[in-house]
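Two complexes follow with chain A in common, the first pairing it with chain B and the second with chain C.
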Partner chain A sequence: MIKPIFRIKIEQLVRPVFLILLLFVILLQNSHAIDTPQQQGISIKNPGSDLWREVRQRDTAIQGTTQIKSVDSNVLINPQADRWTRFRVDKLINIGFIVLGSVIGVILVFFLLRGRVKIEGGLSGNMVFRFHDFERVLHWVLALVFLFLALTGFTLLFGRTLFIPILGHDIFSLLASSSKEGHNLFGPIFMVSLLMMFISFVKRNIYEKGDLTWLLRGGGMIGKSHVTGGFFNMGEKSWYWLVILIGFAISATGLILLFPSFGQGRIIMELSHVIHVFGAIILITVSFGHMYLGTLGTEGTGESMKTGYVDIKWAEAHHDRWAKHCHDNNLVITADEYARLQGKGKVGYEPVSTTAGESGK
Partner chain B sequence: MIDPIIGDFIDGLLWTFSVSVFSVGVTWKLAVIIFSKRQTDLSVARDSALAGAVKTVFSRFIADKGTAPHIKLHIIAGYMFHLGLFALLLFAAPHISFLDEYLLGFSWPALPHWAFILAAEIAFLGLLMLWLHRMLSRVSRLISTVDDHVASILTFVVMLTGCLALMESFNELRLLHRFCVELLLIYFPFSSLMHAFTFIPSRAFTGAWFGRRGINS
Partner chain C sequence: MARMKFYCDAERCIECNACVTACKNENEVPWGVNRRRVVTIKDGEPGERSLSVACMHCSDAPCAAVCPVDCFYTTDNGVVLHDKNICIGCGYCFYACPFGAPQFPMDGAFASRGKMDKCTFCAGGPEEDNSSAEFIKYGRNRLAEGKLPLCAEMCATKALLAGDADMVSDIYRKRIINRGASVLNWGVSYNNAKLRS
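Our next item is the complex of A and B:
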């Protein structure tokens, strides 16, 4: 028979268990007694919350001190930037979408309703010289650079919303990076082209007597009688000044954004961004109209920036004062001569006047 | 994003192939021009042909007074494009380090970033103006061939992809640029782009011919 090593009585086991339970109950009661007044009246703040409230600065721009001397370096967090971000994401992008989409829609509806505006009686084939090589080159340099900037700018502004769901993050990041580089690279080329455009065309785009009538008559759309125009009509002049003025505003704000180390603060940068985007949206929307009129919208307009010549009937319909000047100065060339000048004429054909057409303004 | 096999192909086999086509093509074309059989000039030399050749190679950098007023756009845009391209090609930091590592084994000072950007902008504006003039001017349009347009567009695309890859943050952009360069290298010997090399023997030949006859060309 095996004898037990320890002989433990039941009383010996019960006593410590009872004591532990008693201690637990007392502790539980005490802890409850400590908790109750805390919940009722004493609140201990997170010591970090005040600090971060100060750092965030809420609506006020509290400026601290720092040894780093540069613009805004004494402001740890700028709450204005949050407002700007919200404005950019919630409003600017939506406004841009709506405006661009609406203009495309309006042009489409207008084209469906009105169709192509044709020259009454048709084109004659007799031509008159309108734009020199350099002027056309300048127009297309500006146009191509503008389109490139519009596309890259569009990617930068709308890309997150529009392209990420389609292309995914990886491809979009590549597209955004190259768009940013391209936008920054071609921006200064736009400025130089714009300056050259301003110098080359300014003289013929100064408003003159009769331009207001053209505007009030909607370029001939209101009323039945013909509305007169010179070398450039009121609509073209207004487009020119819009391009020049908004173009320079976009250029100036673009420079502010491109060189952030020239002492401009965050608020100036944010304001510049808003002006830059709004200006670009205005120019792009109006350029849709310009492109429409130059291609589908009006018969015979596109030739002026392609070959430099326009049909005399087109000139009479849209720029009658200038057309009269061309007639008076014998600047109109025949269809045969025009074909010869374009390298499509009969071999051996001798023109009546080769240079007369190119001297007219 | 790009399959590594495509990347390896662009960096490896296609690069070797394009450089080979370029080197052999250019050498062959120059050799044909230089060693082609010409009629012996039997006239008595009045002056040095060599002096005439050297003089003409450099004097042709300036347009003659009679022509210059009529081709201002060509002169200005032409110099803008060629000088800009020269700066991009030989003084861009990524190009110098590439040539140092893979070809030459030595380097030289690169343009600072701002100067690189400026050179690129000047080159782009010049090339755009030249190409548009080719398209829009009736005389230029009539004497231009498809090759001229392809050469202009290919050069533009090479420059553009290079500038877009400038930050070197995406390998795909670098590969795209390199692929375009390889297309250009393959196309180069068979196109009007050969004028980058042939302008020297061309001018020298004319200069020597006139120089030998004592004509101030």
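Our next item is the complex of A and C:
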């Protein structure tokens, strides 16, 4: 008799108790979720996620250990690689081409506007000795090696865009391969001639008193009269130091790129490449100006690197202090004497004075 | 068409370097060149993991983007290959690759770079399939024989997977589900085998 009553009572009790318990559990969970949300759910994380987080971190290259013995082989991902790729593909090729092209354009416009800078009163024919044979040969060796390196570098940088559509892959590969080998071969020759250039020209390229005036007057472009200059004027000195400093930077980075077997890692090589190519583009850009001024830009300049002699009127116009020095020391020779020295007379080629090129002071 | 992929399961790789050896032997890779390597992170510490790395055969491969002679091409299977007849050994792909896949045998005077060598997904090169010219330059063309890269084929723990991306991810997904089922045993591949289907 008791049993049925008891059963009913339990059935009546189970439901509310269960509901209360459920409510309690839900409330408890919710309060947990509010206090410490990370404890909700499964809190044990995949240990692999730590690994991947470490591997995928962008700022540093992850170093591990490996049995493969070579440079950087223990680096799983080099985060600089993508940056370098983007630099070369997106920026260097486009901006480099625009810079080089626009400099040629600017020089052309300048030439059309200003024309060839003539010597006032014309050339006199009386000459003065300026550069030794050695200095001229050195100049041309450096210049030709520089041009060769610039052209081979240009081929490697822009060839894929410019030449492959014309030549096709196979022929361009030959061109690029010889460019690369030539670039590597003539690089050291550039370094040697650069060093010789530094030694033989450094004394005359130290900045002196009148150089600031030259700079302030834009090398004679501002104002009518010519600006003062010694053996080299401010512009020439700056070009010299640009060649020397950037030239050494290009040489050093070039050596890093040329010999991959000295244990330098990829990041160093990528940085070296960036410095190398920046320096090269600056030098090539300014060299356009140098070439223009040496040939078309000004009358009489090219003679100094052709024969070693310049017209005294040219010296007075561009290097007045040096011209004064030449006058004072009786270094000016007549047109007849000059013709004789150039092999048109009977006496063989022998400069009148070998001390003429020493100093403009 | 298949989209070929490598996947290395870090939970399974035991750094046995068999993939490195297999690749070197199968493809008769030049001296000093390793197309594949195993890198161990946190070696000897808790959480140590090893990964086998080679060319990832990227969809948008940086090596191909920077190559000055444009010698890279992607096959219909999504394998990134290069033409050694065109390669000039400049090393730019080596700078561009995040994984360090391109390798350069020492060549000529002053140990300068030779023509680039890298993992071909055992798919040879542009030469005729399985010709001797192809083998000398690029190694075995197993894909043309209907086989997958040997490194993955002979991986003892099946950590290294190679093949069509869909199949590789299916296999890996199954593993993840199994590991997820034994949540308290994350990272343990061989215990709780009863939880596997």
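Note that in this section the second predicted complex is superposed on the first by the 277 of 361 C-alpha atoms of A that agree within 3 Å, B and C clash if a C-alpha of one lies under 4 Å from a C-alpha of the other, contacts with A are read in each partner's own complex, and residues count from 1 in each chain.
In this text, a contact is a pair of C-beta atoms (placed from the backbone, for glycine too) under 8 Å apart; a residue touches a chain by one contact, two chains touch by 3 or more.
Given the structure is predicted, the values throughout are model-derived calculations rather than measurements.
With both structures placed on the common chain, the touch criterion links A:S102 to neither chain B nor chain C. When the shared chain is aligned, chain B comes close enough to touch A:F186, but chain C does not.
In the overlay built on the shared chain, the residue A:D170 is in contact with chain B and with chain C.
Contacts of A:T295 after superposition: neither chain B nor chain C is touched. Looking at the shared chain after the overlay, A:G343 reaches chain B, while chain C stays out of its contact range. When both complexes are overlaid on chain A, the residue A:T213 reaches neither chain B nor chain C.
When chain A is checked against chain B and against chain C, the one touching more of its residues turns out to be C. In the superposition on chain A, A:N330 makes contact with neither chain B nor chain C.
Residue contacts after overlaying the shared chain place A:D82 against chain C, while chain B stays out of touching range. Overlap of the chain B and chain C interfaces on chain A comprises residues 170, 173, 177, 184.
Contact residues of chain C toward chain A in the complex are 10-11, 17, 20, 32, 34, 37-43, 47, 49, 51, 53, 62, 65-71, 83, 85-92, 94-100, 104, 106, 110-113, 179, 183-184, 186-187.
Contacts from chain A toward chain B in the complex involve residues 133-134, 136-137, 140-141, 144-145, 170-171, 173-174, 177-178, 181-182, 184-186, 188-189, 192-193, 306-308, 341-343. Residue ranges on chain B touching chain A, taken from their complex, read 1, 73, 117, 120-121, 124-125, 128-129, 132-133, 135-138, 141-142, 160, 163-167, 169-170, 172-173.
Here chain A touches chain C in the complex through residues 42, 44-48, 50-52, 54-55, 62, 64-68, 70, 72-79, 81-82, 84-85, 88-89, 156-157, 159-160, 164, 169-170, 172-173, 176-177, 180, 184, 257-261, 266, 269-270, 273, going by the rule given at the top.
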